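Dropping a structure here in structure tokens format, bear with me for questions.
Residue numbering begins at 1 within each chain, and the chains themselves are lettered A, B, C, D, E and F in the order written.
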Amino acid sequence: MSLSSLLVPAILFFALGMFACLIKSDLKFPPDMHKMIVIYLLIGIGLHGGKALAGSDMGSALPAVWAALAFGCGLPIVAYIILRALGKIDPLNAAAISAHYGSVSAGTYMTAVAFLGGIGVTYEAYPVIMLAIMESPAIMIGLVLAGYSRKILGGATKADKGMYKHLIIEAFTNGSILLLFGSMAIGWVVSDPSYKKIEPFFELIFMGALCIFLCDMGMEAGKRLSEFKTVGVFLVCFGIAMPLIGAVCGLFVGHFLLGYSIGGITLVTVLAASCSYIAVPPAMRLAIPEANPSFYLTLSLGVTFPFNVVVGIPMYYAAAQYLHETYYPW
Amino acid sequence: MSLSSLLVPAILFFALGMFACLIKSDLKFPPDMHKMIVIYLLIGIGLHGGKALAGSDMGSALPAVWAALAFGCGLPIVAYIILRALGKIDPLNAAAISAHYGSVSAGTYMTAVAFLGGIGVTYEAYPVIMLAIMESPAIMIGLVLAGYSRKILGGATKADKGMYKHLIIEAFTNGSILLLFGSMAIGWVVSDPSYKKIEPFFELIFMGALCIFLCDMGMEAGKRLSEFKTVGVFLVCFGIAMPLIGAVCGLFVGHFLLGYSIGGITLVTVLAASCSYIAVPPAMRLAIPEANPSFYLTLSLGVTFPFNVVVGIPMYYAAAQYLHETYYPW
Amino acid sequence: MSLSSLLVPAILFFALGMFACLIKSDLKFPPDMHKMIVIYLLIGIGLHGGKALAGSDMGSALPAVWAALAFGCGLPIVAYIILRALGKIDPLNAAAISAHYGSVSAGTYMTAVAFLGGIGVTYEAYPVIMLAIMESPAIMIGLVLAGYSRKILGGATKADKGMYKHLIIEAFTNGSILLLFGSMAIGWVVSDPSYKKIEPFFELIFMGALCIFLCDMGMEAGKRLSEFKTVGVFLVCFGIAMPLIGAVCGLFVGHFLLGYSIGGITLVTVLAASCSYIAVPPAMRLAIPEANPSFYLTLSLGVTFPFNVVVGIPMYYAAAQYLHETYYPW
Amino acid sequence: MVLRPDILVTMKRIEIVIDEKSLDDMLRLLRDADVRGYTVIKKAGGLGSTGERNPDDYVLEEHNAVMVLACEEDQAEKVIMTLQPKLKDFGGMCLISDCQWVIGPAASL
Amino acid sequence: MVLRPDILVTMKRIEIVIDEKSLDDMLRLLRDADVRGYTVIKKAGGLGSTGERNPDDYVLEEHNAVMVLACEEDQAEKVIMTLQPKLKDFGGMCLISDCQWVIGPAASL
Amino acid sequence: MVLRPDILVTMKRIEIVIDEKSLDDMLRLLRDADVRGYTVIKKAGGLGSTGERNPDDYVLEEHNAVMVLACEEDQAEKVIMTLQPKLKDFGGMCLISDCQWVIGPAASL
């Protein structure tokens, strides 16, 4: 893997966005533009994934589903323990932060797809299912951790049952998850000639639109990064260490348990290492109003996301490559 | 026509939007996104239509123009009579609702185009002229019906002359009509190599963009549909019966008078069966402030539009096919 | 050059936008749509330019840089002298207006590119550097002219040093300039296969998106044009004469000094003739609050921009052709 | 004030700020209290007991709605009596002040 | 109020809500009445005698504009006298209330 | 007013309009004055001593922010004392008026 393979346009645009933020440029993308591109990209991933799944063996998808659930439930607990034991972070903030790490970042996933595409590496159809599944369980675990934390603190449970129900329903009717699942289903059922008609919009121009999205995310990450002082050194370190822990789990699961190709392992690793900034933050804001949003937002958007995009993805790919060549299990 | 031909992505995305609304998902597209896609789609249809017309015999376009005017003037009167005679709807609401059914829905037209494209059926260049022409006459007839209704009611005419003039001018300077006619004219005059340069944007990615538009429309229709209780059973039935009446007229005119191919008949039928939710509602709101907007909006967006998109178009196509094969007039 | 070569879709859409404004249509594009397309187009130009530059001799780019700086500094001074000597315009308004003419309009540049593309004329890679460079120097000269004007007027310098520093920093961190330079750099460094992935989005659909942009600009120009009474006959004449003066300089520099092809000369001429409506107006509003914004906005957007788009570009092209054929310097 | 009193009616101005998500519930309550006029401004931000609400935040986009309604004193009382028991649930703020409504020309009344 | 009276000027606060389409006419009237300061918030919704206006409605998007202007009492009178005859045409509402304008440091006045 | 006085607290309503660019500085000042509640509406337009600000203008897009804050009288004094020296720099306007805050049901206080 040469240096030039790191010069993926999408990642360079991310860097451009961060640079714009760094030099305090007045560059600003309209907020609605961001929402539109997210909608477009989610549908695009969904359709593409659905089409790929339609052509693959669905029995083999089950292990991916289990892996997704395991990540979604396991990683937040690991994160919670680390935050509590090593960082002495107060229980409610720890719970809120943890939930984010069980979930995924579609932006990181798409950057990884762009990265793999740039160096011509193929991958399995299943990771996209994991992407769609992983957003919700982490929210549930976040609620459980919050309840546990409140018990520790001994205070009255501020969050009533109605809210929990509301949050659980929301976790499954969440717009982006619905869009992802819905377009996966559509990609699955439509005939090839029908798909061909919409392919130019959803596939041909996808990578370009992703560049604009990542440029915007770069600015957003830069803004958050500039607040890193408020979160302290420990949390910043955690924001880099936690994706690495997730990555190790992802590499292990992707290679030994799922037995994917290098591309597939990379994507599974990226899913495990990434951290939500779409569905989980609003849920945690509602479920744990006592937690400080600037903690989990700075970590998720300002530390872990840029780390994964700029450093993580190539690293995970290299690790997947090494693993695949060294411990070839068959 | 097999079931799979109904699995047009555009229609599936419409269903996804309605589903999102049904399960009360928080999915929401930015309002500006909707406006942008509408602008894009109108220009796209216009350019495509203009280019097609440039290559066809303009003398043959005249019957289409007459048919459009006849639909625009005749259908609202039919609707008004039905609403008054059968439904005992008060005159002003009847007038406001009627006007909508003389006009057309570009969204339904585009879905029909996507449907025909999906099953590989070609069509004449003229229906797009009808689309462009039909928006305005219905507004005029709506004004006439409103004046007539007011005379019946014997009250002072609330709407002054200035407003009528204003509305008539608006009916012809209306943004979407202008965009449609303007881009038709541009598609007409530009040379083929020039057109090739803009074709990727306006044609290649058209069907994909239409999917996003219809997903949004599905949510909008779902929202309106949920208000159907306020309009009552009679009006909901009318909202399904009236497009069928329009469709019968459309089939007859398209086949026997215009002598179009199956695809062309289908489009003419769709135009006659569809019902405006762009230019007519604001005009009626201004012209007949006494009418209840939730009546005509629920009917147009919540009943007739989804009926046409999901059930109507394949039905009209089947009918056109049957007609074309059975009563081949030549 | 036949008449049909003037029927470039982009220019026709500009005319459509002006027409919509003229007939007072309610056509209106969402403001965010405009911002989004501008962002997209700037990135598109930048990437394309960067890619072209990567394949060309960078030593030869230096003369283009010098020419850009010369235009940026020289043209405002010429404009200032004309406005003061012939028009008796008050010093501060003259300074504000002048600054605009040293800068460039990316919209005009892109229209010229579309025009050349439409008639199949190629051009050098260097003018895009000039486009990126020329926005800032004119702002500096504007500040200098403002300071000079204030000295003439003998009043206290209203603008403090802090603001000057702020403006100079802004001139270099300005969003659009950053976007242009940034994407030029990205286009430069990315590998060909990587570029291919984002090309469909940034190049294939570029010309179509430009049409929508120019339709919007047509409406904007129309709105401004309708205010031409407030600026008076002299300024309107200036708004047409000044681009012609710039064009003569551009033709001379492009042909004799830079030795470009017909396409290249046309673009250099367009840059010299065009007039900023993005970065310069806000800078002048801040630097010279005493100047009347409706003067420079009407001139820049309402007079010079439409003049260049509709009349100027074909004229400059014809002149470049004539010059190239008559005074072939080698 | 020198203004002719015949064109001014003394009224109460009620100004409410709540989370945009609760706006529909609030409007329903207002309609129950027979309110026949109000103005709503959405996408407002603010700071309150539940922290900051920033409509421009990329991830945690939260909006307030500002509502203004002018009504006669007894109507205002009715409104306040209807709203007051729910105010804790809605959060936000509810202010009342005095104002004068300018009425249009008598002819067309 | 314990606030030093030298930094407060008693003024009238005029608050107008009208259909956004009539905003330009209204502003023209205000300029005729020599108003030299106002604030406008667009895209407001509301309920009034002509029904609901909902800026978020997909089909029937209608906007109100909210205008606030602070001026001295006699200026306020002039404004009201100019506006009042047109109020029926504009629809919406026009409120006046008392307020105090905080003036900046005297030095730079 | 017949409204039960136990649910009303007399307060001051401060209304500030400034350039959106200065909003952050203003909010910082307010936080320094221990303000614990405010509401902000952005993207307002207006006319003032520095000319027109039009958030819809294509080239010269300029926004005002409207801030409303309700607080007790002594708090209001503190706020005004903090803001007043900077008002010239900020430009815009700052109004104070009287209002009454409606407090929620006592039970959940």
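FYI, contacts are C-beta pairs under 8 Å (C-beta built on N, C-alpha and C of every residue); 3 or more make two chains touch, one makes a residue touch a chain.
To keep track of the chains, here are their UniProt names: A, B, C = Sodium-dependent bicarbonate transport family permease; D, E, F = Nitrogen regulatory protein P-II family.
On a predicted model such as this, the values are computed, not experimentally measured, just so you know.
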item: Given subunit B and subunit C, the chains that contact each of them; value: A
item: Chains contacting each of subunit C and subunit D, listed by label; value: A, F
item: Target subunit D, source subunit A, minimum contact steps; value: 1
item: Angular offset of subunit D relative to subunit E [C-alpha, multiple of 5 degrees]; value: 120
item: Greatest separation from subunit B - chain, by CA centre; value: F
item: Chain whose average C-alpha position is farthest from subunit C's own; value: D
item: Pair exhibiting more inter-chain C-beta contacts, C-F or A-B; value: A-B
item: Approximate Å spacing (C-alpha centroids) for the pair subunit B, subunit F; value: 48
item: Gap in Å, rounded to a whole number, between the CA centres of subunit E and subunit B; value: 41
item: Residues of subunit B touching at least two other chains; value: 32, 36, 200, 204-205
item: Contacts with two or more other chains, residues of subunit D listed in rising order; value: 41, 56, 97-98
item: Touching pairs among all chains present in the structure; value: A-B, A-C, A-D, B-C, B-E, C-F, D-E, D-F, E-F
item: Touching residues (chain side subunit F, partner subunit D) in the complex; value: 1-3, 7-8, 11, 13, 35-42, 68, 70, 97-105, 108-109
item: Partner subunit B, residues of subunit A touching it in the complex; value: 32, 35-36, 39-40, 43, 170, 173-176, 178-179, 182-183, 186, 189-191, 193-195, 197-202, 204-205
item: In the complex, subunit F residues that touch subunit E; value: 12, 15, 17, 41, 43-49, 55-56, 64, 66, 73-74, 76-77, 80, 83-88, 93-98
item: Contact footprint of subunit A on subunit D as seen in their complex; value: 50-51, 56, 58-60
item: Of all residues in subunit C, those that touch subunit B in their complex; value: 4, 7-9, 12-13, 16, 19-20, 23-30, 32-33, 36, 114, 117-118, 120, 200, 204-209, 211-212, 215
